[in-house]
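Consider the two complexes below, in which chain A is the common component and chain B and chain C are the respective partners.
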Partner chain A sequence: MSAGLIYAVTGAALFSLGLYGLIVHAHLVRKILAFNIMGSGTFLVLVGLAQRADNMDPVPHALVLTGIVVAVSATAFALILARRLYAASGRCALPGEEER
Partner chain B sequence: MMPRVLIGVLAAALGALLVWTMLGLPAPSGRLPALVAARMGESGVTHDVTAVLLNFRGYDTLLEIGVLLLAVLGVLAVRLAAADTGGTLPPPPGALLRAFTNLVVPLMVLVAGYLLWAGAHRPGGAFQAGAVLAAAGVLLRLSGRLPALLPPRFWLRAGLLLGFAVFLGVALGMTVIGGALLEYPEPRAGAWITLIETALTISIGLILISLFVGAPAPGGARGETDA
Partner chain C sequence: MSAVLSAMLAVDWIPWVIGLPLAFAVAAFLFGARAGRAFAIPALVLSLLAATGLAARVLTQGSQRHAVGGWGAPLGIELHADGLACTMLLMTAAIGLCTGWYARHYFTRADSGATYFWPLAGFLMAAMNALYLSADVFNLYVTLELLGLAAVGLVALTGGAAALAAALRYLLAALAGSLFYLLGVALLYGAHGTLALAELGALVTPGPPAWTVIALMTLGLALKTALFPLHFWLPPAHGGAATPVSALLSALVIKASFYLLLRLWFEVFAPAVTMPAAQLLGVLGAGAILWGSWLALQQQKVKMIVAYSTVAQVGYLFLLFPLAAYAPGLEAAWNGGVYQALAHGFAKAAMFLAVGGMVLASGRDDIDQLDGISAQLPLSLFTFALAGISLMGLPPSGGFIAKWLLLKSALTGGQWWWVVVMILGGLLTAAYLFRVLRRAFLPARGGKQFRTVPAALEYSAFVLALGSLALGLWASGPLALLRIGAPFAGAAP
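And now, the complex of A and B:
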């Protein structure tokens, strides 16, 4: 098992951990965090699979670089929406899901 | 709602499926890296990731700065009205934070400039440089000195737009003079990429700072008690 494959497998584990958190937790900040963990797992898979061969593939690396910036800005937007929802409704969970 | 155990088992099964798929993947064909390596001479830069980002797949980067712009527009649109009027600033910083900020912020600006320049031939580039600039802005904001340093609203908005506008302008300008969208005239490709990256750095730094500053201060929505 090459080092790149170990990163990719770790990424898959992070992805399913994040998916579990996303479904189980009702609190929106926890959901956003879990979604970010899923995203980090995806990035790890891409970067890991890109360097299985001897010559590193630069295209997935560039995609991940793009993805990180998009993830950061989308997270900021999601956090603002969560704050806004809390200010408007007093709760930080989606309707139909009770906070635990 | 499904019990947690079942969700956990399903998520673990999905993870196992992913791992199993990855283990069974064929060896990388190596076509893309070879293509990138073959065309490096035309890209205007000597670092392969930068060449992919700004030249071979410039479309991704153009759309990315567009997404950043959309996110900051969304944040500016839905943030609470009393977001950052100066009354919500954190308490005055201690002497240590003040001295640390004085020491570190000029250094961070310098590092951002270096990363921007280094992107042409080694890991670095606009996004890393913009992130360092944004970190300097966050530090200034936490020490309560950012609002005084920010330009007037019009110039701030113009700075947010600068990277996207320059990138789009260069891309469209190429089609006007007969090239393809996102193509650079060959002997000057490096200069165009540097111009775009400089504009991108400024915009990314400002956008990330705005995303941070746009958040309402902790006092605004108090007492989130649930876990």
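And now, the complex of A and C:
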């Protein structure tokens, strides 16, 4: 198993863990963290799979940088929405889901 | 006249189609809601002109390419416009213009929602236009995220606890969907070393790796298109938002991820997709038609009826996949599916805007409070009925052409079971729309007070309903445009 493949498999495992967390956790901050773990897993797959032979491929690095920018903005947006929701309703979970 | 036409054909419209709404959004953000209101109509008219110019160029000269900043693929970003892209761009520009006209009169100066509506709507249109023109899978990911963030911002505009919860639910679903898509992009790049749609199409071969990618990307995009049973986020987001936002989201935003699914299935994955996978999408579409219509029948709020109707109408879009899988039915299925996206766009925008006017006039969102509307807002009710004709698929309307093409494809391909689903769906649609109409035709109960509604709110919705009718009367124009670069029209340019 090459190093690249190990990264890719780890990334796939992180993605699945994050997805599980996003679905089962009700607390919004946990959901947002889970989304970030999913994102990191995707980036690992992206960089890991593209590493082959000796020549470095710069394209996945550029893609991951763009992906990180998107993930950071999305996280900031989700956090401010969660704060506003907490201020308006006193709960940090979506309606219909129990906060734990 | 011919001088104007040849001048229009000489311009490269692609950067303008994306740049105009983007410039408007930035200006509306920097200079505030007053500037947004002032510039909205000119900017939207110019966007429509640019989309028309591009469509004229594609019609006369074939598909167009544009290398951003002079850097073409594979290093730079390349934009690509064919018939399908132009059709979606024209739909976005036309519906955007009418909704912008409505929103100018819907948001009053004191309204807190008005401050950010214009910049977010501008960013939304720019992101959609960029998505329709993108030719590589990663650029498509970025535009998909930009579109999602702008759309969630619009849902949160009204600021109440319900709107914030709907926005968060929508955001989490949209982000998860995008990550599924991005994981597919990672696998595609790892396997083939390229991101360009055109190059990937020649490299993908049937086998477990390709099937994994198809499954991941289709799941992500189906979540973003709200395909049954992944539609849980749509009704609260679309039904609870401010009316112009509901119209933009239901008519346009879900079509963007559907468009991407079409591109992937027919351009990239065409050699690797299997019949059971296509049938599965069809079964989910059928589930959406029946379950969405059934739930629409149960709703007590008028806007929620229209939102659940979107869940049902999305189902028709996905019937395209099993129908197009049999070669003899491909052309009719493709045209019918895209025509359904178009017809639903106009009809649903008209319906949401008309219903928004009714809710504003009666002050309540309940179906039981609609009595007397027929006397108070006859034009809005007429608009609602016209849009309903298209949603039910009755002639002469765009919805009729779409459903007729899908039926034709089902019969030529020998897949009669989809015909049963479509007929049942049409009957259920009639049932939930007549519930609203029946209420609205009752005389007002004693002493009921109505607020007056600006006439522009009624006329803008009416123009959209006329558009959905025109799509049924002059179908040859859009269908000729759709042919350019379509999968059944021979080798792609």
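Quick note on the criterion: the second predicted complex is superposed on the first by the 99 of 100 C-alpha atoms of A that agree within 3 Å, B and C clash if a C-alpha of one lies under 4 Å from a C-alpha of the other, contacts with A are read in each partner's own complex, and residues count from 1 in each chain.
FYI, a contact is a pair of C-beta atoms (placed from the backbone, for glycine too) under 8 Å apart; a residue touches a chain by one contact, two chains touch by 3 or more.
Treat the numbers as computed from the prediction; the structure is a model and nothing was measured.
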Inset, instruction - Have a look and say if chain B or chain C is in touch with more residues of chain A. - result: B
Inset, instruction - Would you sort A:61 into first (chain B), second (chain C), both or neither based on which partner it touches? - result: first
Inset, instruction - Scan A:94 for contacts with chain B and chain C and give back first, second, both or neither. - result: second
Inset, instruction - Give one of first, second, both or neither to describe whether A:19 is in contact with chain B, with chain C, with both, or with none. - result: both
Inset, instruction - Scan A:46 for contacts with chain B and chain C and give back first, second, both or neither. - result: second
Inset, instruction - Check whether A:79 is in contact with chain B, with chain C, with both or with neither, and answer first, second, both or neither. - result: first
Legend entry - First (chain B), second (chain C), both or neither touched by A:8: both
Inset, instruction - Scan A:35 for contacts with chain B and chain C and give back first, second, both or neither. - result: second
Inset, instruction - Could you pull out which residues of chain A sit against chain B in one structure and against chain C in the other? - result: 8, 15, 19, 45, 49-50, 57, 59, 63, 66, 70, 73-74, 77, 81, 84
Inset, instruction - Give every residue of chain C touching chain A within the complex, in rising order. - result: 138, 141-142, 145, 149, 152-153, 156, 159-161, 164-165, 167-169, 171-172, 175-176, 179, 182-183, 185-187, 189-191, 193, 195
Legend entry - Parts of chain A lying in touch with chain C, wherever the complex brings them together: 8, 11, 15, 19, 22, 28, 31, 35, 38-39, 41-42, 45-46, 48-50, 57, 59-60, 63, 66-67, 70, 73-74, 77-78, 81-82, 84-85, 88-89, 94-95
Inset, instruction - Report the residues of chain A in contact with chain B in the complex, numbered from low to high. - result: 5, 8-9, 12-13, 15-17, 19-20, 23-24, 27, 45, 49-50, 52-53, 55-59, 61-63, 65-66, 68-70, 72-74, 76-77, 79-81, 83-84, 86-87, 92, 99-100
Legend entry - Interfacial residue positions of chain B with respect to chain A in the complex: 4, 7-8, 11-12, 14-15, 18-19, 22-23, 25, 27-28, 30, 32-33, 36-37, 48-49, 51-53, 56-57, 60-61, 64, 67-68, 71-72, 74-75, 78-80, 127, 204, 207-208, 211-212, 214-216, 220-221, 224, 226-227
